[in-house]
């Protein structure tokens, strides 16, 4: 794998190495310099534009070349779709799950080899910039026209120019779910997560981006801010929320179903899934789109650079793009898929619940989570750690 | 120190005893494979943790070795201190609760279990062989606001319901539930080993069974209790599952902090530093523990 | 001490031994680091004899036994077993078997399995093993317990299983390491008799290690008294009891009244000034320091015979033992003798002495043992 | 032995001093407290079993009996492969830890040199190290060496963690076995190895069984180490359970839990029964509990 930025790489590595071995002796020398997972060629920047041209790898062909090593959220696919793939192509699916995007990144960085992974948009960019994923040859996908070529936004999304490296999957907003039978004083603002009525029954998603983004919107700041003053305000705001909170949790459906949550920062699709499949009485539940604005995000399938079976991965992605599978997944997941007809299917599902409507126009607006420089990422992580730890 | 540790640890564990040495070369060779294994996979891995705790995160967001003290400086922060103190408070509370719960149970089984003793110990152990996660999950659904317990309370007339979950109490309860068996077994073992003639003698001497209990039984089982303290305190201090499944917004423990650095914040060097601090804290505990057991050994 | 060693030297003694010994130890030495546990030991044990190594704990007797068995390597010296040098032969190849102090039975095997263990290792065929095991169980009186597990047996039964397990292999020599120490007194006495009978019956050389002088005296053909890694004296039980050759031997076997002083002209003068006549020892040099030992039962307190040595004393304590009474008699400042008197039918109660009585002690000159 | 004595003693006091005891009330307190303890211990277990038969997809409302979650479990290839992976990890780790732990125990019982004591101490450290530390260390070690995380790394980590348990249990048994027993075997014609094979190992067999079962159960259920060291192979069951209960409602997990419970009941029952087959009156449980 070649890299246009690789010229500066050796010096960095050697300096790391010397530092390590001088200071720490055998153990450091043993593990080499930059520690493991310092994958093939570190890119110099993680600039949000993603303009640094990644490597050109020989694109794989859509031919079954082994079992599918599949890495996704738990149950984030319609079961019969997965079953159908196994039956039709006679392969096994080796499934592993992650429970946060950073967790996913950690597992990929530690050298684990997967065939297909479903990262969130900003992680697609990060993986692309770090040369951890491979180019997807659209010509190999018979159903590529479902996502591309009809004037779709995803012909050239913000996180992956020309969608060279990814196939878009779903999109979602982050809003607030609440119980109408318990709470009568909602104002349609993020401030509702500080609601007195709901004190002790309010949940915030256990994700740095979502929590910081929510506070930023409430304070009128950029959801991606890394400005120290902004972060200080956000931190104070989030800490002021603690007395109202029941917990930070991404186990949203359980929290809603168990009756512990009266107000819950919530992903649109999980809410739909919950009221369609789990809620005892769907009518008492409402999803609101806060007036300060909602983060809109999407995810996309990628094939890691070190995928053992890229051929099978391509066959799988093509299979997912079949119109019938797109519809099955939308209905099961409750998220609109980023493909032809996806929006219409979704619109039918959310009839009468306008707050769940998602406008594709918002997919690259300011309320999308972006990548940061390592220093900025660290600053945001520190705020989040300190909020949770306090 | 090292042999003290060995003896002290050995003393807390079942059936451990010192023994004379019959030397044969065979035994020396037998030592090689396990020794090599422990050095390669345990000692060196701990050394890597220590080494990485002085490392940095490079421009790529990846960990790199270094000689920086920055991670330790970052820990000099009231936030981390809060988490540390909180973890200590939770673990100590857990140990104390386990002691008060475990002692009567061990006592009842050991001295009043009769022929059901083995069956009772089996009944005690079985749940701990079934998935810890599933049991914790069962508790969390049982105790949720509209879970079975609150439904039951509702039918009895508590219309408001009680919030059990997502509180520090729930975290400690989870820890107690998870580790109490490690307190019961050593106490049970020491009660089993105790000479019951002591109790008889004590009854003659003190007349009151309660006074006998405190004057005879408790001191005789101190080794078991100390062993239990060790076996409960250590895992409790490093746990992160209980706080994650049962905790609230302010129940973060060191274990959660470490896990977060490794799997969310992508800051392995800081996570390593936290791990080293945790190990040091345990070392301090071990020193005090050893003093206590030595004092105990002198007294008996 | 070197005297003793020389006397036991098989090379010097070789002519005296008509038969080849079962065991010959030559300059056998064992050191653990700086500590010498067995010190240039020379010893012959004859075929078919019941030989005891007697000594206090830590004297090196068990170490000697372990070297003979092969569990412990000799630092120096040679072990000859039935004419063959076995010094560096592994234990499983030596034709000796051991009865251990702890019995060391195999818990996972029943009595039959335990007893037949050695035979199975030798690869004998099953019926032969069965026959010999049964025979041996008959001998040790355990025929009915062949299928019992060791933990179901009493101490005495375990002891007999251990004995049978060793004997069934028909070893040249059977080594017994304090095998009776763990038994209670009554059982111990019974087992002493049984062991001796079994030894007579099978005719195998027994080397018996014990710290119990009674045991050694009643069972052995010969006894070696060990101390600090050296053999102080060896000989028949009567020999070592009646004629102890060293102070240690005199003190260790039975009770002895030991007195040390200056010899001149058939009189021994103690430090306290007491003079004791010491007739009949012309070999003693004038002015030499001499120790004498007299057994308590050899001292009379009345009805003296002519020719006895007699000295006065004061009874300081009496201990009634039933068949005997023990008196402690002060004969000079700091010199207290122990006297053992039979409580015979003819002696009346009133005749006995009480504390503070002035008495006269007497003994026959030939009962005085002079130690170098 | 001691156990029987205590039991008899307890019985006698019970009959002779009933009146006095009821006045003071302590044993009644202890017994009642123990009963309550066992109820609480088993409440979640009962819930798991009950809801594994729930006809509804709910963990708080019981809608009638159904075997749908078992059907789902047995048709869920992911859960199945995780179950197989966990069984494999536990079996291999059990064998490996037994082998190394027994070697360690035998050596430590007999060699008292300084390096041996050092090894002995080090081998006990994992017992007193929180799992998260061991997990972090294993993760950094494997990734640092550039080893791919896989079931193999999980197994290595689990063996490292389990050796000390085996060593402690086996040493306990060995130390109560007189060293003369092995000498007796050699005396009766065994080489050192044969003595080990024909005498020592059969003698400590109950301890080996107890240690093996304990390690199997601990490893099978272990989450933390597996979480840190697992790769892309089928995830160990505990890790899959963790990601499922964090993100979805899946009563199939209760079916899994019920099956695991059934297996562990079987294992514990075996550990009670097997030593009897070896003709010993005490059970492996005594060893686990140190009795």
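Couple of notes before you dig in:
Per-chain numbering from 1; labels A, B, C and D assigned in written order.
Just so it is clear, a residue touches a chain if its C-beta (ideal position, glycine included) is under 8 Å from a C-beta of that chain, and two chains touch if they have at least 3 such contacts.
Everything quoted here is computed from the prediction, not taken from an experiment.
In summary, the chains found to touch both chain A and chain B are D. For the interfaces A-D and C-D, the C-beta contact count is higher for A-D. Distance between Cα centroids is largest for the pairing of chain B with C.
Here the chain at the heart of the shown protein, by mean C-alpha position, is D.
The mean-CA centres of chain A and chain D are about 38 angstrom from one another, to the nearest whole unit.
Centres computed as Cα averages put chain C at a distance of 53 Å from chain D. Spacing of chain B relative to chain D, judged by their CA centroids, is 16 angstrom. Between chain A and chain C the centroid-to-centroid distance comes to 88 Å (mean Cα coordinates, whole Å). In chain B, 22, 44, 48, 52, 141, 144, 146-147, 262, 268 are the positions where the chain touches two or more neighbouring chains simultaneously. Each of the following residues of chain C touches two or more other chains: 71. Counting partner chains per residue, chain D has residues 59-60, 139-140, 144, 183, 242, 245 touching two or more of them.
Chain pairs that touch one another, listed by label: A-B, A-D, B-D, C-D.
On chain D, the positions that touch chain B within their shared complex are 2-3, 5-7, 9-11, 20-21, 24, 26-27, 29-31, 33-34, 37-38, 40-45, 47-48, 51, 59-60, 100-101, 103-104, 106-112, 115-134, 136-141, 144, 156-157, 159-160, 163, 167-169, 171-176, 179, 182-183, 192-193, 196, 217, 220-221, 223-224, 228, 237-238, 241-242, 245, 253-254, 256-257, 260-261, 264-265, 267-269, 272, 283, 285-291. Remark: chain D residues 177-178, 180-181, 183-191, 194, 199, 202-203, 205, 278-281 touch chain C in the complex.
The part of chain A that touches chain D in the complex is made up of residues 30-32, 35-37, 69, 71, 73-75, 86, 92-99, 107, 110-114, 250-251, 253-254, 257-259, 277-278, 280.
Listed in rising order, the residues of chain C touching chain D in the complex are 69-71, 90-92, 96-98, 100-102, 104-109, 117-118, 121-122, 149, 151, 165-166, 169. Looking at the complex, you find that chain B touches chain D at residues 2-3, 5-6, 9-10, 13-24, 26-28, 30-31, 33-35, 37-39, 41-46, 48-49, 52, 101, 104-105, 107-115, 117-118, 121-127, 129-135, 137-139, 141-142, 144, 146-148, 151, 177, 185-186, 188-189, 192-193, 196, 200, 208-210, 213, 230, 234-235, 237-241, 245, 255, 258-259, 262, 268, 271-272, 275, 278-279, 282, 286.
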